[in-house]
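Listed after this line are the structures, all set down as structure tokens.
Two complexes are shown next, each including chain A; its partner changes from chain B in the first to chain C in the second.
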Partner chain A sequence: MNAEKSPIEKEKRPSGIRRFFSGIPALGWLVGAVAAAILEYYLGDPLADAFGLPKIPVLFGCVIMLKKPLLMPGALMYVLLIYALPVGIISRITSPITNRISLGLSRMPLWFSAVIHLALLYLILRIWADVSDYRLLMLKLSMIAIMLTLSLNVINGYMGEFSCSHPGFMALGAYAASVFTVGLLVNDRLLGQAVLPLSLGHVLFPIALILGGFFAALGALIVAIPSFRTRGDYLAIISLAFMFIVKSLIENLEVVGGPRGMGGQPDLATLPTVFIWCVLCIWTINNFVESTMGKALNAVRDEESAAEAMSVNTRKTKMIAFMFGAFWAGVGGGLFAHVLRYVNPGTFGLKKLAEVLAMVYFGGLNSVIGSIVGAVGFNFLSEMLRPLAIFKWIIIPILLILVMIFRPTGLIAFRRFDVKQILSPRLKSKEEV
Partner chain B sequence: MTFFLQNLINALQWGSFYALIALGYSMVYSILMLFNFAHGDIFMTGAYIGFGVATGLLALVTSGFLIMPNWLILVLTIIISMFLTSFVGILVERIGYRPLRDAPRASAAITGLMIGIILETGNLALLGATRLKFPPLIVSHTYDVGGVFLTNKKILVVLVSIGLMLALDQFVRKTKWGMAMRAMSYDFVVVPLMGVSINVIAPMTFAIGSGLAAAGGVLYGVAYPILDPYMGILIGWKAFVAAILGGRGSIMGAALAGFLLGFIEIFVAMIFPSTLRDLIAFSIVLIILTFRPHGFFGRPYSARLRL
Partner chain C sequence: MPLLQVKNMTHYFSGLRAVHDYNLEIDPGDVRGLIGPNGAGKTTIFNLITGVFRCTEGAVSLDGTSLVGRRPNEIAAMGLGRTFQNMKLWRHMSVLEHVKMAHYSQLSYGLTGAFLGTPRRKKEESEIEKRSLHLLDLLGVARFADQNVLNLPYGVQRKVEMARALAIRPRVLLLDEPTVGMTPEELAEMMRVFRKIREQFDLAIFLIEHRMKVVMELCERIQTLVFGEVIAEGTPEEIQNNPKVIEAYLGKEEVA
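What follows is the complex of A and B.
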């Protein structure tokens, strides 16, 4: 805890801005961000007016800067005044207090401290998203992307297979959950009258999602069983074939609308629902990969025969990993269907596959935090570059190629997601507390 | 019987596209143990380059600079676009694969995918979203052979692609370059020590594969004269499936499996409703791979003893 005494710390001691901010715990940053979000909520409109912006810049001013380069100074000033300065200054000023609080929290059970941090995070997202519906949709989609990326990382990163079937799992989950909710709660042309009142929706929605995940996990068996005998490229093909089969199957099922897709899902995927499921997903997957089962996955990836010699049941491990990853992909798919309130089989094609794979390898293999960074980064990047129209799809691939060339395993690969360390207070010396 | 023969002809034509593309996948795999995921889009690029070359030559002919019959234009189009597209292949190798030779294999797959997206989008940005019509170089004739209808385009597609495959086979087996390629596919760690540079052989393999894909693209343009920037995705992935089905790294296997995939797709569409085509075709692929995980001509491969 006392960094001054450690010689290694002394050598690597950061200078300038980094040192200025190094004493701020996670709680401090969250408090600063809450302040910034509240500031934007109340002062955003007049400030945007003052800088000559048509409205509050939705994504940190990037969109408006690309659309109208003349407004760049205004947008930069806005970002500086609303986000950068308040976050920096408030989190720095409050850092003695927040450090003391997080020191207190670190003596309490970890879950308690985590819940408080998450509540603050949710507060930030809530206030931030209240400014525009576009932000709300983006946040939901980013959180779903986190779930998909993490669950693919279990298979591709931790187990080292190259699975291409994730859109298929997603489609299974999306359709199973949609059929459940639409069939029970909505008067639908294809699935008949509603059986239950819509007010039960929030009770039934978790069941629908779990059902979707369950179906996806069943589908994963089809991919998992051939994986006992083969690995690598053949498994890639098997999973690819599985994806095509699922897509084609849904296209031929008239009950769920066939190629026209399926709409009319009730509006159940609200921000708190998606947030809670996303947190659940991160929590379970992190626990899974930290467990002995997760270590067994790494063993299977590194050397299967050695793993088997060390009494790892490789078949069971592979099957569980596939089904576990597919379950969360199915849940993510179910949420996806209820966020957009329309799905069609074309969504779950090769384009989605390229996107999910890109997010996993961009963020980093074998790392929970890498997946989060990858999913959020990729989503925000692709939204921020939207004004560039199709050139967006030239810039993003070039970025990804550069990431692959300079960091072949992704930005933050092979890193443990240590919640305790992230939430711990950053104390420089005892005097400062 | 005539119905069967008719579909056989159709399947031969459809399969030759898969075979031509699958060859490129398989050759690159045999050298680098990596799949070139941009290959489907190289096929698309080849078709567009063929379009450009054919339009240019036709313009020269109509304006009177050159005098040549249409079939010669077609032959020249195929040759020139093969030559030009091979440079695209070399570029893909240089940008996407050479820097990642020591990286995990999945990373190279990602760069391949991304280069594919760049090719698609670059095309879209350059030429716009309107579909282009491939210039009609040969007039379609239909011959009736005992109730089976053959068009000259179908015959052309099948003959040219089989000819190219035979030429490739001769190249790999009879020439010194082919010998170097075979040696490299045997062991790409030791062979460079014997004076065969992998930085020469790998681009050459990419170039040859891309040339074949370009020939496939031009032939595709002749047979189905509509080009759009996303035409390479689906056909590319299916050819990838064919390359695996043939056994990775096996050139003959890739060609045969390409034809086989064409047969499966055409005959499934013949017997069942055509919307079920992908479903049944891929189920068959899945079953084949479950029982024969190393494909038809691949070396048996055990999960227990990995190289």
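What follows is the complex of A and C.
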């Protein structure tokens, strides 16, 4: 074991900073981040005052820096004092303890360890989002973006087909879930009186989302039946057509408000709800792509005739993956409608498609972690650069082009999402054990 | 009744007659060869038997069950394994994943297992993993299990492909030019693999091959295919000395 470790340490020697932090397990980083979030919660306002900032920088000071370059030193100091230093120092100092706890956790069932890490992560998000409603909205939308990106990655990345109907599936899910909740729980002009009390909302909401998911999966079935008999570009064309069909169908349905859209969804998509659905989505999709049945998608993509000759039911595999991806897009759409509490068909057009596709290809094909990074990265980037106005739409495409040149399959493509390895303790030398 | 039976199979690619009135009977344990010049239709016959194409006329049956009109994955699950001339490995998958994948039809955990990771799935996945490693070990490539197939030498890739074909538990194994492009060392190694497969597994082998040495050594009976028609059938010696075969390969002898 020692012989195995020495080359690893040698590799890391050039970078001092990296070596300093390499012994920190995931748990340690989370503890550090909790500390930083608490620090900001209590000291954020006075500190922002002291540095002459108008209010707490919402997105790591980026927006402030771009709006008023004069405030740059203050914003940088704030980020350093509230985020960088506390996270770095506290996670480093506690690393002997967190490593020991990680070691203990690694001996317990994986789900237990995962639940504890997720609970910490949720705590961080909760405290961080308490500072402003804008952050809360950002977090919810980012988590929905993760669900959409990941579910599209199943089709475009793992299966290697090019589907363009994700906004359509999202719309189906959003409208199905909205009609369900608005119709049952709210007095609506179009859908009539409430049938059930609003207090039942949190019980009914999962049903609404699953219903939305099933509608989307049904839509996927309609796309899949004609298109999977052909190959290559046909799915792209058929799915694009499907997206427009769904859009104009909703535009012409007066029951759901037509082009004016549909509002008044009850406020059910709280942070914990979105968080739980996002985790569920990542968990099931990761389960699927790690199983031999799910890896059949890769076999179909890389060499379909060989997959068939090896007894893989390619038609079933493709159909399942397509409907499974659509299901999660539908659930994501349902959450989306309830986060904004308003949907209109115009939202689910080409722009949304471009956004989801960009997140998939930016993050990395065939990779769960890539999709998470892509969705969160893209969302935060596009919010951080908002003050640049029109230049934002020059910078982001340039970034995308650069990613495509240097990493043609995306930032973190073709990597396994190994939860066990991520959560494992990082023990490098004896004195820390 | 023979294990694999092909009767009067004829196939047209639109106007072109690729295979004409082809017959084959293979019993358990047989090793049969199919030779012929390039473009004679050998691989087409494989594709017709395994369901990639549906034959225009004729009948194919495995153990009495007709295969015509079935999908390739069904036919494979019934026990008809095959390898490909150009291997057709999956370029983003590890060696172990290749062999595990070929157990697809033997999995029964279903969608619930795939999505939710049930105990039953864990059990089945570890079972097929064990069997896959055993197969890889048998062919002497177990130490490459976690590597990506594209990083491996050609001879190893061939063995991985063979292990993959064996994983579907074939009763008849169709091998499409398994020694093409091999060095003499790789060839000798492959011959050892063939003998091992014959000893260890209860299956019949149907082989397309260009190297006479391999065909002569392995096969009990050989068919020669020219322009989609069998022009000669018999033991290796008979085929080697058959004037029609010599003519097909070398051209007509000039009268001196």
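The rule is short, and it goes like this: the second predicted complex is superposed on the first by the 417 of 433 C-alpha atoms of A that agree within 3 Å, B and C clash if a C-alpha of one lies under 4 Å from a C-alpha of the other, contacts with A are read in each partner's own complex, and residues count from 1 in each chain.
One rule holds in what follows: a contact is a pair of C-beta atoms (placed from the backbone, for glycine too) under 8 Å apart; a residue touches a chain by one contact, two chains touch by 3 or more.
All figures in this text were calculated on a predicted structure; none of them were measured in a lab.
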item: Partner chain(s) touched by A:Ser305 [first = chain B, second = chain C, both, neither]; value: both
item: Chain B or chain C, by number of chain A residues touched; value: B
item: First (chain B), second (chain C), both or neither touched by A:Glu251; value: first
item: Touched partner set for A:Ile237, first chain B, second chain C, both or neither; value: first
item: Which of chain B and chain C A:Pro397 touches, first, second, both or neither; value: first
item: Intersection of chain A interface sets (partners chain B, chain C); value: 303, 305, 308
item: Chain A-touching residues of chain C, taken from the complex the two chains share; value: 50, 52, 71-73, 76-77, 81-82, 84, 88-93, 97, 100-105, 107, 109, 111, 113-117, 121, 125, 128, 164-165, 167-168
item: Of all residues in chain A, those that touch chain B in their complex; value: 156, 162, 222, 225-226, 228-234, 236-238, 240-242, 244-245, 247-249, 251-252, 303-305, 308, 350, 354, 357-358, 361, 365, 390-391, 393-394, 397-398, 400-401, 404-405, 408-409
item: Chain A partner contacts - residues on chain B that touch it in the complex; value: 29, 35, 95-96, 99-100, 103-111, 113-115, 117-118, 120-122, 124-125, 233-234, 237, 240-241, 244-245, 248, 275-279, 282-283, 285-286, 289-290, 293-295, 301, 303-306
item: Interface residues, chain A side, partner chain C - complex; value: 284, 287-288, 291-296, 298-299, 302-303, 305-315, 320, 324, 366, 414
